[in-house]
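Here the chain labels run A, B, C and D in written order, and each chain numbers its own residues starting at 1.
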Amino acid sequence: MPEPKKLSFACDYEEGAHPNILKRLVETNFEKQPGYGADEYSESARARIREACGAPEAEVYFLAGGTQTNANVIDAILRSYEGVVAATTGHVAVHEAGAIEYCGHKVLPVESELGKISAAALEQYLSDFASDGNRDHMVQPGMLYISQPTEYGTLYSLSELEEIKAVCERFSLPLYVDGARLAYALASPANDVTLKDLARLCDAFYIGGTKCGALIGEAVVFPRKGLVRKFFTSIKQHGALLAKGRLCGIQFDELFRDGLYFKVGGNAIRMAIKLQKALKEKGYELLFESPTNQILVVLENRKMAELEKKVVMSFWEKRDDTHTLVRFATSWATREEDVDRLISIL
Amino acid sequence: MPEPKKLSFACDYEEGAHPNILKRLVETNFEKQPGYGADEYSESARARIREACGAPEAEVYFLAGGTQTNANVIDAILRSYEGVVAATTGHVAVHEAGAIEYCGHKVLPVESELGKISAAALEQYLSDFASDGNRDHMVQPGMLYISQPTEYGTLYSLSELEEIKAVCERFSLPLYVDGARLAYALASPANDVTLKDLARLCDAFYIGGTKCGALIGEAVVFPRKGLVRKFFTSIKQHGALLAKGRLCGIQFDELFRDGLYFKVGGNAIRMAIKLQKALKEKGYELLFESPTNQILVVLENRKMAELEKKVVMSFWEKRDDTHTLVRFATSWATREEDVDRLISIL
Amino acid sequence: MPEPKKLSFACDYEEGAHPNILKRLVETNFEKQPGYGADEYSESARARIREACGAPEAEVYFLAGGTQTNANVIDAILRSYEGVVAATTGHVAVHEAGAIEYCGHKVLPVESELGKISAAALEQYLSDFASDGNRDHMVQPGMLYISQPTEYGTLYSLSELEEIKAVCERFSLPLYVDGARLAYALASPANDVTLKDLARLCDAFYIGGTKCGALIGEAVVFPRKGLVRKFFTSIKQHGALLAKGRLCGIQFDELFRDGLYFKVGGNAIRMAIKLQKALKEKGYELLFESPTNQILVVLENRKMAELEKKVVMSFWEKRDDTHTLVRFATSWATREEDVDRLISIL
Amino acid sequence: MPEPKKLSFACDYEEGAHPNILKRLVETNFEKQPGYGADEYSESARARIREACGAPEAEVYFLAGGTQTNANVIDAILRSYEGVVAATTGHVAVHEAGAIEYCGHKVLPVESELGKISAAALEQYLSDFASDGNRDHMVQPGMLYISQPTEYGTLYSLSELEEIKAVCERFSLPLYVDGARLAYALASPANDVTLKDLARLCDAFYIGGTKCGALIGEAVVFPRKGLVRKFFTSIKQHGALLAKGRLCGIQFDELFRDGLYFKVGGNAIRMAIKLQKALKEKGYELLFESPTNQILVVLENRKMAELEKKVVMSFWEKRDDTHTLVRFATSWATREEDVDRLISIL
């Protein structure tokens, strides 16, 4: 049960949608549009996304949520005997209730730090596999999954991404980037990876909507034609095809009209920087300096219990018997007055 | 590409949502609500649905679309060696791109007429199976799937449903009803099956939103506790869990506030009756007298080509070399002036 | 519980293995051989099969049984959104407990007669699919499965097979032939389809061992390289890789040494011809004149009950309230004295 | 290609079958027996196994190989949203090509040492899961998989097994033991876990045949009725049902007649002890003192290259740039003269 009086920094999907999106939904509501993504708004949104990605040939599809998108893309890219290489902390490896395994594919974990895989660790993993005498009895690495930003809110730099891509190419591994919170990466001053870079380096990626100001929706981008076949039917088969495709079409058309998607993350980043600064000044132990909208803080358990009376945060993991790692998340909708109230409480 | 000038009776999901729903989405947009269906609107919607179904113990879940809902419910009810019995023309049998098989389950087709299975045909099928010496080498019938209204727009009467239920009980088969267009059944003068009847007779059913005035969303109802376990996790595993559960919660809360769901089908039925009357008067061959919002008409191909210049209808199937079966669908949003224009064209 | 005194014509896998096979297993028993099909006998058997098929490039794999083989081959050929087209009476469609659906693939049934699909029916089915406006919402036909001999014991003639192949090519559909009882086809005087024909016309087929004189084992042949990738790993993933691959290797090496496989069916055919002649003379109603080792007879139920006291036969299906279709099967091991005893009982 | 002159200690499945088994296959070859495990030998073997396990109610099934058995049992026990907890080094976790994930289930790895999970580590894992706020978004632990002996050849003691069982019971987790090499555990002087103990403590386990003197075959034991339903159909669905069930039935009937299964491991253990003693005397570094038939030795790479000219051993893993861990395996068929030759080479 919600407690409206308590502050909440629990996650970045607590509100509805950016007001522009709702406005557009209302304006277009009574237009008759064909279903299943053949509507003019989906068409327009696809065109805008292709342009923003500098990928005029890109195939673009809209799905409802992140886990669904990962399952659809991964299952479409992999052959049945292949698995997806991912960070041990990757969303697909931990928090998707086995959605990937449900599609028959193993998640092959690679050591990671703060959510990031290094090109070196990846290369080591793939080399070891290639030289393992039992490899024919093992799940074949079939693609790489990484997240930008990662589940920890960290970022891959452009050079890191290029190094990873180089390893992927050496081992013929398609590269897929989960961009559930991509708007927050794009708005971060620490970020040097653009949409065009992603389109150039990835074989597939998705531009997150749900956590970045849409009601629902993720836009899958295959920058080059031909990687997957019959993706439409595959989406249907996964139960992921929306009859009213316009719902995603309109939202992404709006997000990519006048660059809204590039602005929507800005507020979250400003609020995160302010909050992070205050946390440090007050002597809190940050797990790391976060470049995006998720701030991970080590709290003494008694302190945590005290704070929880006034603010909702997100449990991350037990550190030891007396400390817990928690997350504060900001979003496109976070109000500065709430950040100020939080700071005054800390 | 849409042609705004052409009339369309192609399907019942060409518009957005009922205006009350959009209004409510706008009003609640900036409220912070927990994710994954724990929001207060989902809670309230579940309570209203339980009451409308006379099923105070019912477990209610919201999913995004029909194919997804069928796959989730069927996979949750069946053991892995079981299949779902369905009409040869059932949606799960034909038009879901193998979503059920994707979950590992065979669809076991039973002869049907205009979308309906008879209790007698079901009993015959199950008796034959039970007495087949090879049955242990065959997929075990694990549940029954029917649709109300059916894919043809026909209706099961209460007595037909009770007879089917009796057969199901005799063979220990859970009964599941796909109510993708349930609002149109409930609003039909020919209908005598209430939500309370469904709750009493079914082991699971879903109340369709997408085709009945919502943007997206279907409400799964398990009238009695305990049929499936961990359905929340199962939904997540299927990639079907919405982060912003409020999107469905708000819509169904509105649909079941002041009986909107029971009114929303009324317009469609009135428009369908008017159109059907005109078709008959003009000598068109109806496949049958439709009690709901889908009208199936046999058209001479030349006539069809002529009509298609002015109105979008839906191809159903080839009848012979010179005739085609087409569908006209009305909906909650169909305007009488469009029906009049269509009649004038016919 | 077996009743040794009763005659049995129940099926063609009631005995162990052809004596030559057992002899070879004993002779080679203490040789150390590498596992998983890398042994010299598997290598030799593969070479002999390639030669017998006139397919020097063929990839040959050994699996344990028919259902397993079908599931492995079909799953390896199909993409996840594809289904396998098969006769309504095809083994994969009915008697494999959903093994194909378990791999996520729908079996797409085509009308058949006495187990056979006609090229015309196949073409009709594929044309209808190609012109169906909803086809993107449906399982895509991805390959054709037929059996030689069929489940009824009937045979495709070479010209029928060539016509089917032509349709497959027109629709880019790989052709797969289930040869569970292939030895009985090859030994039939009515047969004009050779192993070389199969290798020329099929994209994959299997040469049945279990029902043709081996203890277990089926030999999958992909006549041309490259249709499937990583089949070894795929077999392992399906739990179908034998550690002691020699068990199949030795058996098929023996079956294809000195043409044993071509002789092994001869006894069955001779016995079937004799039995069939007697049945006709005694006025029994044969479902059709069988060219192979399965004879389907319509029995009056009282007659059946009487016969069942002295001979085990196989229930096929209920014909009406007073008649049943039953099967008598002969095999490589059927003794003429047993056929004579059966004839005297009839 | 095999090199008959080279010694081989590569694995424990390089020969055919124990001579008693072959003899019995030959003797029974022409008896007509019903298929699919309904033969009298399977019946007798099941009875003998029930008796050896002190489990008169046990359900016993025969399958062909270890990976297949694991996939069948695990899939039958788990609900679709559940995963199997296993050692990080468990066979199901690494070397089954994703057979478990293919069934839709995640393998949930728990830290292990030399193949063994401790009750404490298991309890920690399960407690952490139970208290994780995100657990409903994660694969639910649904059963425990351990191996006896483990993949390293180590053994669980009876008290260790009882402690593990106690944790399983506290968390309502069925316990399943993979006994691929169980004969070698039973014959080890270090072992104190009997078949009766396994039947008492496990919810399911299998008695390995393939690696313990049979041609193929594993005997699954469910000591108490009712854990899984329709396992026969499930086996068929997995493509794992042998038409000639007699092949396994005869082998296990022989293995459990006159206690052959308890003797068959003895030779392997004696040979392993002798070899291990020699290795130590010659200053080789053993990874640990092996109680069963697998000996893991750290070899300097140059030494390894030298040895490989004369003896086949099994690569285990790279230790560092100059050292490799290799395995020598003995079996029921290992000849003392070969051990002596190996020792003279070392």
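Keep in mind that, in the parts below, a residue touches a chain if its C-beta (ideal position, glycine included) is under 8 Å from a C-beta of that chain, and two chains touch if they have at least 3 such contacts.
Everything numeric in this text was worked out from a predicted model, so none of it was measured.
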### Query
Going by the contact rule set out at the top, which chains touch both chain A and chain C?
B, D
### Message
Can you check which chain pair, A-D or C-D, has more C-beta pairs in contact?
### Response
C-D
## Note on the structure
At the largest C-alpha centroid distance from chain C we find chain A
### Query
How big is the gap, in whole Å, between where the Cα atoms of chain B centre and where those of chain D centre?
50
### Query
Roughly how many whole angstrom separate the Cα centroids of chain A and chain D?
42
### Query
From the C-alpha centre of chain C to that of chain D, how far is it in Å?
33
### Task
Return the residues of chain B touching two or more other chains; collapse runs of consecutive numbers into ranges.
80-81, 96-98, 102, 104, 136-139, 233-234, 236-237, 241
### Touching residues (chain side chain D, partner chain A) in the complex
80-81, 83, 94-98, 101-102, 104-107, 128, 133-134, 136-139, 315, 318
### Message
Taking the touch rule as given, give the residues of chain C at its contact with chain D in the complex, in rising order.
### Response
1-2, 4, 8, 10-11, 13-17, 19, 22, 25-26, 28-35, 39-40, 43, 64-72, 96-99, 102, 210-211, 215-216, 233-234, 236-244, 246-247, 333
### Task
Show which residues of chain D lie in contact with chain B when the two form their complex.
75-76, 79-81, 103-104, 136-140, 229-230, 232-234, 236-237, 241
